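Some structures are shown below for you to check.
Each of the next two complexes has chain A plus one other chain: chain B in the first, chain C in the second.
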Partner chain A sequence: MIDSEARGGVTLARLTDKRLDAAAAPGFKTGISALIEGGADRIVLDLTAVSFVDSSGLGAIVSALKQLGSRGDLVLAGLQPPVRKLLQLTRLDRVFKTYDTAEDAVAALG
Partner chain B sequence: MARGQAVPDRRVDLTLEAAFPNVAMATRAVAGVCALTDMKPEHIDEVELGLAEAINNVVEHAYDGREGGEVRVSVLLFPQVLRIDIEDEGRAMDPRLLVDPQLCFDCGDPDSLPEGGMGLALIRQLFDAIAYETRDGRNRMTLTRWLVVI
Partner chain C sequence: MGPPPAFHGSPPMQSDILSHGIDDEAIDLGPVLIVDDDPLSRRLLEVALASLDYEVMVAENGAEALELLKRHPIGLVLTDWVMPEMGGAELCRRIRETVTDRYVVIVVLTARTNREALIEALETGANDFLSKPPDLEELQARLSAGRRIQRLERQLEARNRRVAAVHAELAQAYERIESDLKMADRTLRRQLPAPGDLGGVRFAWLFEPSAHLGGDIFDVAVSPGGDLAAFYHIDVAGHGVPAALTSSTLQSLLSGAVKRGGARRGESAPWYSRPILVADELNRRYCRPGEVDGYFTMLYGVVDRRTGRGELTNAGHPPPLIWRASEGRWERLGDGGMPVGLLEDAAFEVLSFELKPGDRLVLHSDGIDECASAGGEAFGDERLGEALAGAAGDSLDDFVASIAVLLRQWRAAPSFEDDVSLLVIEKTGRD
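Moving on to the complex of A and B:
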């Protein structure tokens, strides 16, 4: 489940569930894809509430990044240690910009 | 029991229907078992992630997402080692896939970024040893990790 709000030109998309795993990934993908189709092009994905992401969940985030392509930006905020670890292990920490808080990320993209 | 074979101190077996919503129940249960040991919380997180990847692979590949398949997860605590056996009766994995799985992509090329296929490479990094065998139509992946820093 994604809660989203517009902050100036930035879309703050907040995940409300604790897990972004293989069970949750299809629903997330549908939601984030709808946001992008609906015009969101600078997106802060707030993962503060998320304590677990697996490679399927991460793959769904990658798919959103690809959907945006060069016309936008998607950054991550509020990563809990297990989520940060997954990014490191997959080396996707070199691809995604991360911020400690959603507010920091919104300020950086705004 | 063969002479010299180590006997676990404690063991628990979990059986789940092969479906993604069930995976979290098994991985959280195993995390609870790990919390009985001296493992650090961040190491328990790693076991949880690696196990989730292994069970996800069974659901997605061994059973091709079909309902009704069964997965058995056995957790064995030895004095110095945690061992997790994951068994299924679905399609066997090509064991060659376990040999040096790679995560290859080019940071500058978004099209090359992986949306899947990361599971085995993660499992490799999160456990100290992996074995896989198929016998009498039953597949078993064995994941082992030291409980102590060596």
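Moving on to the complex of A and C:
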């Protein structure tokens, strides 16, 4: 589930579930897609609560990035060690900007 | 093979099941039963009910009433309260206890001022009251109300029957899907290579599927007339039929190309002999603009069977492990890479390696690294490396078997969360 909040022109999208996996990925995809179609173009994905991301979850995050494309920015915040490890393994830590906290991210994009 | 599964259109909508009502005129709510020991009272009620067009039955006492209820589809009972042998309260109790195939509306005839009777009647299961002798209009109104309850109850019953029927249909469809998936799983499993000796290298593998049909596939293939052996381990994202179909397609594509052999027009060397080209080509095929629709992680490499020299590309897989026999230690090769099918501009890298006689290269899925114990601890790849070191003197088959045991002990649960698969390649001492 995504909790979204507008912070000036930045959309703070906080994931509330511990796991972003095959079961949660479709709901996440729909939620983020709706935000992007609704005009959000500077998005902070707050993963502070997320301790596990699997291949489906990862695919959903990258899908959101691709959907946004050159129209905007999608950054990640609050990565727990297992999630950070996964991003490093897949070299996606070079593709996504990451921030320690959601506040840092919002400040950077704002 | 039997006929294809018949899944006519889509399953019924919940709204259809719930809203489909019953035509009021079409239901026969059955006769009304009058129970009264006083013949005059009985006759009066009988005539009144007949004038209201109800089908009427009569009983002199509770025992007769129960008998009639057993043999006829009576749904509404009008009973006196004070009767010898069996009173109204006792009759209500017995009706509720013994008539279980349908709901019977019970209207009790009693003076409304008799508060104790009212309470007892309600407690023993009566639905409504009528004063005695009843006013005709009030009789009509209360009977109508009783009929409404009967109708509601019938609708509920009918809806339950439809739900049960739909459930049976769904259960059947589910069984068919389950059996199809099991067959698909067996078909995929048959495509895995027979462990063996390719001359210069030998290999073995482990595959413990999870509860769901998965997307792990791997193979070792030799190109004709050459010294090159290609090997790969692929993990398609997700589970179920789409992942399984992709993994099967990839195997046909890759192993097929290697076994056919030969370079394509304009190429100086076959594309399958160049891991980066393989990754690039697959990435082009599987990337979709603006979205991610199926991607996979992969280790793809080639090794010269004579020299043991080779190269591989890692597209998002856990790093392969190498056992260096002469040095007596194991190490990881590289540290990951970008998966195939995620981003159009993914850049793949190649890692070179050399396998000396006795050296072993282990490719494995993250189902092993992430295999969680009962306490939630991940297996990781350190334990895999230690097992690799510990199995130095064992045959490849024994090594693979020991990993299977280790993982099952670690997991200590009836099934694995994710496919567990491993491919090990050893450089032998001879060509």
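FYI, the second predicted complex is superposed on the first by the 110 of 110 C-alpha atoms of A that agree within 3 Å, B and C clash if a C-alpha of one lies under 4 Å from a C-alpha of the other, contacts with A are read in each partner's own complex, and residues count from 1 in each chain.
Rule of thumb we're sticking to: a residue touches a chain if its C-beta (ideal position, glycine included) is under 8 Å from a C-beta of that chain, and two chains touch if they have at least 3 such contacts.
Just so we're clear, the structure is a prediction, and the values are computed from it rather than from any experiment.
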Simultaneous placement of chain C and chain B on chain A, clash or fit: clash
Superposition-derived comparison: chain B or chain C, residues of chain A touched: B
Partner chain(s) touched by A:Gly69 [first = chain B, second = chain C, both, neither]: both
First (chain B), second (chain C), both or neither touched by A:Gly39: neither
First, second, both or neither for A:Ala23, with chain B first and chain C second: first
Partner chain(s) touched by A:Thr90 [first = chain B, second = chain C, both, neither]: both
Which of chain B and chain C A:Leu58 touches, first, second, both or neither: both
Partner chain(s) touched by A:Pro81 [first = chain B, second = chain C, both, neither]: first
Those residues of chain A which chain B touches in one complex and chain C touches in the other: 22, 54-56, 58-60, 62-63, 66, 69, 89-92, 95
Touching residues (chain side chain B, partner chain A) in the complex: 20-21, 23-24, 42, 45-46, 48-49, 52-53, 56, 59-60, 103, 105, 107, 110-111, 113-116, 118-119, 121-122, 125-126
Contact set on chain C toward chain A in their complex: 235, 237-239, 289-293, 295, 297, 316, 318, 335-339, 342-343, 418
Residue ranges of chain A in contact with chain C within the complex: 22, 54-56, 58-60, 62-63, 66-67, 69, 88-92, 95
Residue ranges of chain A in contact with chain B within the complex: 19, 21-23, 52, 54-56, 58-60, 62-63, 65-66, 69-70, 81-82, 85-86, 89-92, 94-95
